[in-house]
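Two complexes come next, and they have one chain in common, chain A, joined by chain B in the first and chain C in the second.
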Partner chain A sequence: MEIILSLAIGIITASGVWLLFRPRTFQLAIGLSLLSYAINLFILAMGRLKMDAPPVVDKVAEANPAAFADPVPQALVLTAIVISFATTALLLVLLLAARGLTGTDHVDGTEKTP
Partner chain B sequence: MSGKTLLSLIVVLPFLGSFLAALLPVYARNTAAALSGMLALAGLAILAFFYPAVTGGGMVRVDIAWAPDIGLDLILRLDGLSWIFAFLILGIGALVVLYARYYMSPEDPVPRFFSFLLAFMGAMLGLVLSGNLVQLAFFWELTSLFSFLLIGYWHHNQSARDGARMALIITGTGGVCLLLGFLIIGRVAGSYDIDVIRTQADAIRSSGYYLPALLLVLAGAFTKSAQFPFHFWLPHAMAAPTPVSSYLHSATMVKAGIFVLMLLWPVLAGTEEWYLIVVTTGLATMVFGAWSAIFQQDLKGLLAYSTISHLGIITLLLGLGSPLGAVAAIFHTINHATFKASLFMAAGIIDHETGTRDLRKLSGLYRFMPITATLAMVAAAAMAGVPLMNGFLSKEMFLAEALADHQGTIIDETLPYLATLASAFSVLYSLRFIHQSFFGPPPRDLPHEPHEAPPWMRLPIEILVLACLLAGIAPNLTIAPFLANAAQSVLGARLPHYSLAIWHGFTLPLAMSLIALGCGILGYLLFRDRLNAVKRSPVVGRLQGRRAFERVLAAIMDGGVALQRWLGTKRLQMQLRILLGMVLLLGALPFLRFGYSPGTQQLTPVDPVFALIWIVGGACAVGAAVTAKYHRLAALVLLGGAGIATCISFLWLSAPDLAVTQLLVEIVTTVLLLLGLRWLPMRRPELWSGSRPLRVNLRRATDLGVALAAGVGMALLSYAVMTREAPAGISRFFVEQAYPGGGGTNVVNVILVDFRGFDTLGEITVLAIVGLTVFSLLRRFRPARESVRTPVQQRRQNAYDEAQADRSLGDTLADYLLVPRIIMEWMFPAIIVFGIFLLLRGHDLPGGGFAAGITFSIAIIIQYMASGTRAVETRLSVLPLRWVGFGLLIALATGAGAMLLGRPFLTSWFSYLDLPLIGKTPAASALLFDIGVCGVVVGSTVLTLIALAHQSIRTPRTETEES
Partner chain C sequence: MSPADHFVIAPILLPLLAAAFMLVLSERRRWLKRLISLATLSALAGVAIALLTMVDAPGGAPLAYRLGNWPAPFAITLVVDRLSALMLLLSASIGLCTLFYALARWDRAGPRFHPLFLLLMMGVNGAFLTGDLFNLFVFFEVMLAASYGLALHGSGVERTKASLHYVAINIATSLLFLIGIALIYAVTGTLNMADLAVRVPVLAGQELVLLESGAAILSIAFFVKAGMWPLGFWLTPTYAAAAAPVAATFAIMSKVGIYAIVRLSALVFGPASGLAAGFANEWLMAGGLATMAFGAIGMLAASRLSGIGGSYILLSSGTLLVATGTGSAPVLAGALLYLVSSTLGVCAMYLLIEPVERAADIDREAAQRQSEPVFEDDEPGLLMEEYEAEEEEDEIGIVIPATIALLGSAFIFCALLMAGLPPLSGFIAKFAIIDGMLSGLPAMGTGGWTAIAAILLSGLATLIAMTRAGINLLWVPVDRPQAHLRVVEAMPIALLLALCLALVIGAGPVTRYMKDTAAALHDPGRYAGAVLDPALQPPERRR
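Our next item is the complex of A and B:
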């Protein structure tokens, strides 16, 4: 499982980084979304993999931390998901506004003729 | 009230008053003045209370622990020296307040003036009461800042803005030097506490760091006290309102540098370096200032250069390094403050009542304003050093010191002559000031008909002039004890014997004084008419500090621009390449140094289904990367594929909360991007004709290389971490305490709303800001011309409607997707209930405010998708801004509620309530907080989506306008 998840993180990261270098704003938006998947998985992986762990603690018995998936990366990722949603929304609107103002969807706002 | 609080009040009160004055309405001139005056008087009262404690070398000291680990404490110390400075700051401050009440025009925003003035007063008091060098440097910078605001008070005036900027840059740069010097001193002495530093004086003077520390401290003091060659900001600062000049350039701002020199005199003075640098600077400043003052045509300009000259005298006296010199310096500081403040005020009255400050236009004002004239004459006599004035006494001490032998250098030889010369100049310009403005024929062509100033406006001058006279005539009954205290606190055991008598017999200093007086009068008689024709001071007039300053400034800016052009790029792609390249390099460095090895932890067995998911997910990611340029919709779908794979992985790895949120966010993001697609441009052909040029191929290959390196790096990094055992972290505490401490069984949710509730509060604030930003960006949104037309499909539908006789426009649109639409409309309540369910169970089971908020947004956006914007908004008003506002308020109020009960902000509370029908229900304040979170999420998500959706109903209008 570790190998698969590492490969998954690697592939998504590579796709995302490639898109970051592209000249079109939409490519940038997709690239950032892909990167945020990779980073979220990466953060989760920092808590090590745990399968079939109970999602909630028991009210009566004292909770045994070893039995649960690490909650800290999860809390971080939950925050990250929401924030990356917000940044994607902002980026999208920004690129639409930039496109309307500059007449191009190039990331620099000007089309460079080679 | 304890003495500790009382002493702190001296510093705190003015700042408090400044804040209050800033809140007053613009026309509240009297209230602001009364407030400022009262506070200054209150400060004086406190100061008087402490006077017995500082006599005879005593000191009041308050230590407040600030950052004790790094040896920094807030220290307030009041000794004889700081007492006299604080007295000048508060006393002259009170008089300036009274004067300014009458000087400032009701049309100006006067409360703002008083607010700045009080803040400046507070900063000065903080400076002179600081017992810690770092703290002193802080207040020093504050004085620079507030003097900038005061000098630039009439900011509609170009010269005021320039003068303020110049003062800020010069004194601010000096402040940085001062801080550096202080840091060096602090390092050498092992403490920033002034009293400790004074015990280390010998160690500091013999240290190798002495010279750099000295140079830096002097750079700070000289810039602030307008010493040559940094003097030029002071005349330009005359663009300030006259009360400001009278305050800043007599008793406060320029004396800050002098104060620091006095404070550190026992530590730094007495060496050859000190003597050479300080005496030479003081001497140059004294002569230069006095000489330039003679040729000024502007009343305030004359006073400004005279101030420079007198500051030079004080610096020179301190530079001599002899105890008597220090006494004379302190004495002259006090005297200069009194006579210069009153002279500035008199100049202000002349300006106020005649409308000009030009000495060439002024004449014979004595017959119009005899009282002001008399007062100005006495003050000018003090400035010139005429006997029976306080200025005479300190000038005598100065001349006596100039005669004494100090280091046996050439400076010693020339000092008496230069001192006499400067004194003669001083007499000359004082005489010119008085004679030119008050005597001679009546003035012609003045902007206003001159008349006497109102009595209350004259009162501050009368008090100051009275002080000059009293100190001059009966020094031992008035000024002597205060001077003795101040001198003793600087000199300690080295306090010399000195006499403040008016008559010491026929001595050499007296002869020098008389020679200066005679020469000054003679000079004025000889050159008086020619002086009026001068445009620029002879000899030194070419030394234009301002021009050099502006050249340096321009060079710095040009250099910055050039550097940016050379090193920077405006191209985002290049920036990102550099950024990611650096990240890669930094990420690789530790592995290059320490090597890479996977951990030894046993691997979890591979599940083929999971592998299959990621084969699809990985393919989706790569596909999205490839298609994002030309097939945006496909890229979006593929992005969703990768998202779903991520979502399933969360579920697989025991993170159900993440899976739920990710799935919901995925839906909203997709809708959002779909809405955006409409406004993106058509596919454009490749920029190059034929095959791709080599350059492009090369660039792509590099990008691919970096991307692959990043991917491989991340994969290796995650693998290396996952195969190692997890270190014991904070997680253990969270899991164990989630239920006993937080009252919830869903640990992740308890972390978000309780343990780390403050982070979540910050996060929803970000979300709210994003929502508002999107909203305001789209309000002014203008789509590109080519995207403005109604989409093809809609045009066809409309054309069909118009062609059929029995159909009206919009029918097809309404029939379109009829069945799905009805299903979607009926889904609304179901989704809302599901959202409430997620919200309520969040504390104990997977769910929570974020997921619930997104669910509500989906319910709403589905309505928009099914029925169209207009149809929805006739039935449903969402008011997303209120959701955002109330959500934030609820979250904040929940947090603040804990404070009301005496617990820290955001402490959560929980118990079980027995509700009728429902039964025992958990009730935690965290649920309230979660409702707030939910509200913000709903509000900002819907705000964004609706703002985007609205674009399409706005467009047809712009289309008709433009066609």
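Our next item is the complex of A and C:
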């Protein structure tokens, strides 16, 4: 479980960083989205991985922290997803505006002439 | 809770509600929007002054506001101490002045200027108020989202290109911010800053390494915001491309990064925090010195005023980082005064750029052609026609014969303030920083001497750059048409410079306040005590 999750985070991050360094604006948008997925998984992992454990503490039973998943990272991930979704949407609008105004999808707004 | 306690959340709620209300108003009810904006920002200034007097009362403790009245480490808390109150007052004064300036013409250059401006204020105030790391991230995002809109305000090719870089860099930075937060949470199990101050001193071994990596990644996010070299390359082009009042407001945004660094380095990595104490101080020092050098060279190389302004923001960030890196309270007190006076100065300078370059007869037609809106909503045709119609009739304006004299003296004032020459507040601030460094010199070693030399040399570079720009643009007699300066443009500049003058006249109480602030920052126990509920301290109590 741990090795699968860490591999997934690593591969997604690597792909995201590689795309971030590409010259096209669309690659930039996808790269940032991939990075935000990887980081959401990372935050979840930072609350310790736990299978079949509810995040809500049972009032009746003895409060044993080991039997429950940490609810805080889940709440953080939810907020982070919403925020990165909104900023990516804004970035997409900006990409289209830049494409329309400069006539190219290069991140610098001009094509490099060889 | 008495009603006065709810003042703490007012700097966040007021702009949020006003901005939300303005969204339902038609874009054509301009005067109503302007009135709401001005009223909101005046109220913010009033609340900031009230909070400042509350926390500065003799024996006044930091005020903590628990959202939803949940017990402390679990609730998101808002905390006002002297530093927060000072920053709130600074952001409100800058907001009010730049908004006034924007009324001259910039708020008509595109749709929804006022709601975006108020949301930016909300984000900045929230970042100053919050006592929770993740909440700090959320307010950073509110601030950044509004700033994306404002950086694009007025549209045009240059702005779109610069904003694309700005947005991409800030989204990537926010992701680093999240990694840092996640690592800190993984080690300490809390995100409440006061709780962190209590828990960090007991960390050791592997946990300490993880905490320091988390804090280092988190600081990269703040360094990007503050513009530390080599992470600040985006700042000058973005600020130069942004509309004048927007760039002036952005001057406070780089100080949000500095605020976060000052707050966390004092609270979590202060002398009382065991093995983690003094973490990254050398990095702050080295990074700050490099940033100062970069900013000074940038100022000398800049050919336009906007370039000088951007480089000066980098330079002042560098100075503040160096001062934070010394970790001494007297230096920090001087640095806080420097923060206030340099922010006011560079804000006034950004507002001066437009009238000065107009006076220097730089092609305005080209500038206007670039400011056509790209967003096709809100009846842009009508809006633009109206904008241009008003533009024409306004352009006649009042011809003030003394325009050049006024602009010139305001420019000299800015130059003295930024270079740190007597008799203005920049001098007092630099004097206090250097005095603090000299008294703590044995502990600082060569780093202290290097920092003092860098501060003096950067002042010289500022003076040279500003003098050259002033000669090129203002003080050479050339046959040029009489320039126009509208009262509504001159007033905010005068107000900002008057505030700096007030800092000099009231230097006694002001330095006393800064010293108290720095002393309180170096005593994290008081902050933690005010935030955390003493009854909850042993967590076993709930069993």
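The rule is short, and it goes like this: the second predicted complex is superposed on the first by the 104 of 114 C-alpha atoms of A that agree within 3 Å, B and C clash if a C-alpha of one lies under 4 Å from a C-alpha of the other, contacts with A are read in each partner's own complex, and residues count from 1 in each chain.
Everything below uses one rule, namely that contacts are C-beta pairs under 8 Å (C-beta built on N, C-alpha and C of every residue); 3 or more make two chains touch, one makes a residue touch a chain.
Remember, predicted model here, so these are calculated numbers, not experimental data.
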Check whether A:22 is in contact with chain B, with chain C, with both or with neither, and answer first, second, both or neither.
first
Quick one: is A:86 in contact with chain B, with chain C, with both, or with neither? Answer first, second, both or neither.
both
First (chain B), second (chain C), both or neither: which does A:100 touch?
both
Looking at A:53 after the superposition, I want to know if it touches chain B, chain C, both of them or none. Which is it: first, second, both, neither?
first
Check the residue A:32 against both partner chains and state whether it touches chain B (first), chain C (second), both, or neither.
second
Could you say whether A:7 touches chain B, chain C, both of them, or neither, answering first, second, both or neither?
first
Return the chain, chain B or chain C, that is in touch with more residues of chain A.
B
Common interface positions of chain A, toward chain B and toward chain C
20, 25, 42, 46-47, 63, 72, 79, 83, 86-88, 90, 94-95, 97, 100-101, 107-108
Given the complex with chain C, which residues does chain A contribute to the contact?
20, 25, 28, 32, 35-36, 39, 42-43, 46-47, 63, 72-73, 76, 79-80, 83-84, 86-88, 90-91, 94-95, 97-98, 100-102, 107-109
If we count contacts the way the header does, which residues on chain A are in touch with chain B in the complex?
1-27, 29-31, 33-34, 37-38, 40-42, 44-59, 62-65, 68-72, 74-75, 77-79, 81-83, 85-90, 92-97, 99-101, 103-105, 107-108, 113-114
In the complex, go through chain C and note every residue touching chain A.
134, 138, 141, 144-145, 148, 152, 155-157, 160-161, 163-165, 167-168, 171-172, 174-175, 178-179, 181-183, 185-186, 191, 374, 543
In the complex, the residues of chain B that touch chain A are 570-573, 576-577, 580, 603-607, 610-611, 614, 617-618, 621-622, 624-625, 628-629, 632, 635-636, 639, 642-643, 645-646, 649-650, 652-658, 661-662, 665, 668-669, 672-673, 676, 679-681, 687-688, 693, 695-696, 703-704, 706-708, 710-719, 721-723, 725-726, 729-732, 734-736, 738-739, 745-748, 751-752, 756, 759-760, 763, 766-767, 770-771, 773-774, 777-778, 780-785, 844-846, 850, 937, 940-941, 944, 947-948
